[in-house]
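Both complexes below contain subunit A, partnered by subunit B and then by subunit C.
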Partner chain A sequence: MGILKKIITSNNKKRLFVLGLDGTPFTFLQKQMEEGKMPHFQRMLEKGSFLRMNSVIPCISSVAWTSFLTGVNLAKHNLQGFVDRKLNPFRVYIPTARNIAVPTISEILSEAGKRVVSINVPVSYPPKEVNGIQISCFLATDLAKAVYPKHYYSYLKEIGYRIDVDAWQGRKEKEKFLKDIHYTYDKRLEAAYYLMGREDWDYFQLHIMETDRINHFLWEQWESGHETYAAEFDKFYNKVDQLVGDLDARLGNDVEFMILSDHGFCSIKKEVYLNQWLEKNGYLKYKTDAPKSVTDMHPQSKAYSLIPGRIFINLKGREDEGSVAPGNEYESLRQELMEKIIHITDPDTGEKIVKKIYKREDLYSGPFYDDSPDLVVVPNDGFDLKGNIKQPNLTYKGELVGMHTDDDAFFYLRNYDIEPQEFGIIDMLPTIAELMEFPMKEAENFDGSSVLS
Partner chain B sequence: MTEQKATNITWHGGSINQEHREQLLGQKGVTVWFTGLSGSGKSTVAREVEKKLFQLGHLVYVLDGDNIRHGLNKNLGFSPEDREENIRRIGEVAHLFTDAGVITLTAFISPYRKDRDKVRGLMKEGQFVEVFVDCALEECEKRDPKGLFKKARAGEIKEFTGISAPYEEPENPEIKLDTKQQTLEESAGAVIEFLKEKGIIKTNSQDAYSDDEKEIINKRLSDLGYV
Partner chain C sequence: MESQENKVTIKIPRPLYNRIKKIVEGSGFNSVTDFIVYVLRDIVSSKQAEDEQLTKEELTAIRKRLKSLGYL
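What follows is the complex of A and B.
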């Protein structure tokens, strides 16, 4: 691993501020800095390490941040997607913080008597009773239920705090959407600065989600230099740059300062519907002509997919109405699917859609391994794998213009000189444990290791 | 009617108790006692709660006023004494159901406070949940689903609660519903929320959201292309 050289020795309070910029790519920040559009961040490079980082597979914010918060893979923390499945009876549901099976950093530090503040961090709904404050992430539907302790709710309501932007506007009314982005972002910072000034804390994590949201709806316009929206895009990131500079000044050198994202972004060429492919190729059938979800799958089905690129075999003894026998039949079906799916192309352009397919054993281990997907398809950049059913075609160009990539997240740590290395967001909790000089009993379960040592 | 007639009897317990049955069922036995005027919505709310709990995988049973008077209590009328006996029998049945681990919903006018309190006294702490289905007399009369108010006003029914017989409101019900203001969904939701809070039904991880919240979060995630 890298050679650690701390540039400035801090005192022994070992406090840490983490700024999360959801979905902000390493290569994007590099480009903006090269063009002089993010001067504060650029100045930070002289006094810290700025590195490219891997996300998780499948590349989803809720999975990635849960790995950040817990230091383990999804088969240990059990937050497997924005949607997940339960069996017996077969249903699809939206996992929340209640599903996280291991302690998160806020809980670990709380237990040791440290004060924590967490604002908007995925996945933190419903909020936990930490030693400090939690304001839940975008999985909260009602601000009144999103705040711990509850007395901060009236403050947030009074300032007009917003949990998340209205993404529908991102599809339909870009001007309104941009206003919403700025408003939501400004209110988030207002709340953060208020709490920073008021609360005594050892660990503070502020999560900016608006970066991911603007990327989803304006990435393509930024990339292609759209006459209005490229400038609007830059304007928003310029605000983020000012935040970085401002925090740097406010935090002083006795607090460690980490900035990171959870995944990268690229433009969407097409949405891809794996369930359409499975159906067309005879692996998936439905009980009715108008199925509402994969739960209406016919018992003779062999496989189905959940967003993004997760494929589950309809395995006997596991699935409600399994049709594929464990052992040879299961293995040969997985092999067959891998061999066929790797060659899928966009019918319109002939481009190859799939970059790689993983078997579950290549990626996961832990108590929830049995619930993890049997195969995970990773697409080439530009092909956004969806879980929709009954799509007429394999691919479609929709309203979303930006998608996640798994190898272009970033990591910045002030006052440390870290040697370039291959690492991922799963290595962050061990890194934090070392940074804060706080040995965690959970460490023996960690899947990653500190990038400092 | 409630005197103990049989004397040479002994209570027999087996090795299987309520707790064992509750473990088997994945719920706690409870009596949810809906009380209120005729037409206030007791049965309607109880049936909605029944449906929702059943869908969540719970064993639930509704003891309904009219239905019980078809069988177990067919020999009882509406005099104060008969009303008392009616509630006493229902209370005992509900107690047995609760002991069996069943989520028992009862929907009876049960107008007298002392009768309801007697039933509460049969149960262990927390096993009796009194739900006051509050609805103004005028509203109940307007609804009049069985045409009973009309008959009572015409003098065809004697001793009709609210018209010619008293209704004693609960003083400290566990839950108070206002079926004039609340939708059926809201009333049933309030009961289920209470059962969750008290640990009578388990809060499944996938149930971090109510049905309304599920709609909101599904829309948000689908607008983002995540669902």
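What follows is the complex of A and C.
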């Protein structure tokens, strides 16, 4: 039965395996390879293309992977951050897969009768009823609800599958954190290999989140050559390298093999609290002396920020208690903010915090354009923009040591010689459509284009 | 195909269909169907309210996870 099914489903069409290494920078992999620390990946370079890739803006995994899964910008897919806002009444919520407004690759392929397996891919919670298997990402906290079809739950429970590490340990108990990283990673692979051997699939996407997690808490130690943790960091990435080699051997040449990350990483010099800047400069006020979040904003406020660097104008007719009139007042306020914010410096060192500020019309288009931020601030490397309102100062050096960068993701494709070019994660779905020789009706809506042609 | 078995056909008045079609044109939605499914999902989920989409325990756990990563 299994063999028959395979013949029927394969139908001479291309199959694809995608390995996602969350937050693994292109330049980091280059360095590790130059130092001989990732021999399997190094070997792969001889038979494929390894290129630097742009992320999305704002540079957050949930937004970037949703653009990967849908081929469109956030004003079309509607997944705008780890937190987002709803108006009337004003509240901040955590978006899930339910908020994604367009079909994802798993749904598109399922619709066409192709078999898909998706493990741990952001944003895949709650799991969709795909033609195959979906094991949800870090937004799931209860494994029983994270698996489709449900009968795989007992298997995952039996092997002790873990959705995500406990990141609190990364702050205080690094030994425990590292153990958790290895355990979670090993179980993820165990489940992936089990499903690879047992299921027929046309599209298999395995997502490693532990790369991002270890980068958040040990990047600085790796960069500075910490006597214990730099070696631990290398040890973990050595395991990732072995996975690459192992998958290369397992996946025959009739399967396309893509590896990629969604953003880069760098050390954090300071966390930067934009709402503090807005408050100190008279743009943001609160209704109470002890506000809990920006939702306690006073109606006279002009602007507020959500993580990372998203600035919303308190616009009349849009926000619950808007104070800024559309038209000239709105435009001149945006201009004023851009001119001031670009010059913000770290009070301790005088370093310039902001690299660039985008107006939303420079970045987004689509049905959810009205919900997108009016301005997006992109920081210089090392300045991690936050939305929290409780920090008393503009900058703070905390326990997180690594932050995302938007221009240092990577893309690898086996058996293809791709011309060097400027491209981004948003170009991946059109690329996959071409790779799998699968024309998608959604293509006319795509914001990117295939890197193959 | 398995996915087709999970779908049903619903009839709506043609004038309404034509009006939606106009809204959908150039909006970024692929089709009237995609638009209607999105709108209905949105209504159903807002009716459930966000704390029903995610249980209180889930919400607490997710908030803790995001906070530990510095996202809240």
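As a working rule, the second predicted complex is superposed on the first by the 440 of 453 C-alpha atoms of A that agree within 3 Å, B and C clash if a C-alpha of one lies under 4 Å from a C-alpha of the other, contacts with A are read in each partner's own complex, and residues count from 1 in each chain.
Convention: contacts are C-beta pairs under 8 Å (C-beta built on N, C-alpha and C of every residue); 3 or more make two chains touch, one makes a residue touch a chain.
From a predicted model like this one, the values you see are computed outputs, not experimental measurements.
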**OP:** Would you sort A:E129 into first (subunit B), second (subunit C), both or neither based on which partner it touches?
**Re:** second
**OP:** Check the residue A:S110 against both partner chains and state whether it touches subunit B (first), subunit C (second), both, or neither.
**Re:** second
Subject >> Partner chain(s) touched by A:R171 [first = subunit B, second = subunit C, both, neither] >> reply: both
**OP:** Please indicate which partner A:G398 is in contact with in the superposed arrangement: first for subunit B, second for subunit C, both, or neither.
**Re:** both
Subject >> subunit B or subunit C, by number of subunit A residues touched >> reply: C
**OP:** Applying the touch criterion given at the start, work out whether A:V147 contacts subunit B, subunit C, both or neither, answering first, second, both or neither.
**Re:** neither
**OP:** Look at A:I57 in the shared chain and tell me whether it touches subunit B only, subunit C only, both, or neither; answer first, second, both or neither.
**Re:** neither
Original post:
Which partner does A:S365 contact after superposing on A: first (subunit B), second (subunit C), both, neither?
Top reply: second
**OP:** For A:A75, select first, second, both or neither according to whether it touches subunit B, subunit C, the two together, or no partner.
**Re:** second
Original post:
Where on subunit A do the contacts with subunit B and the contacts with subunit C coincide?
Top reply: 60, 82-83, 93-94, 96, 98, 138-139, 141-142, 164, 166-168, 170-171, 213, 216, 271, 307, 384, 386, 398, 400
Original post:
Which of the residues in subunit A come into contact with subunit B in the complex?
Top reply: 60, 82-83, 86, 91, 93-99, 125-126, 138-139, 141-142, 164, 166-168, 170-171, 213, 216, 271, 307, 384, 386-387, 398, 400
Original post:
Contact residues on subunit B for subunit A in the complex?
Top reply: 203, 205-206, 208-209, 213-214, 216-221, 223-227
Original post:
Given the complex with subunit A, which residues does subunit C contribute to the contact?
Top reply: 1-3, 6, 27-30, 34, 38, 41, 45, 50, 53-54, 57-59, 61-66, 68-72
**OP:** Please name which positions on subunit A make contact with subunit C in the complex.
**Re:** 60, 72, 75-76, 82-83, 93-94, 96, 98, 101-103, 110-113, 129, 131, 138-139, 141-142, 164, 166-168, 170-171, 213, 216, 271, 307, 365-367, 384, 386, 388, 398, 400, 441-442, 444-445
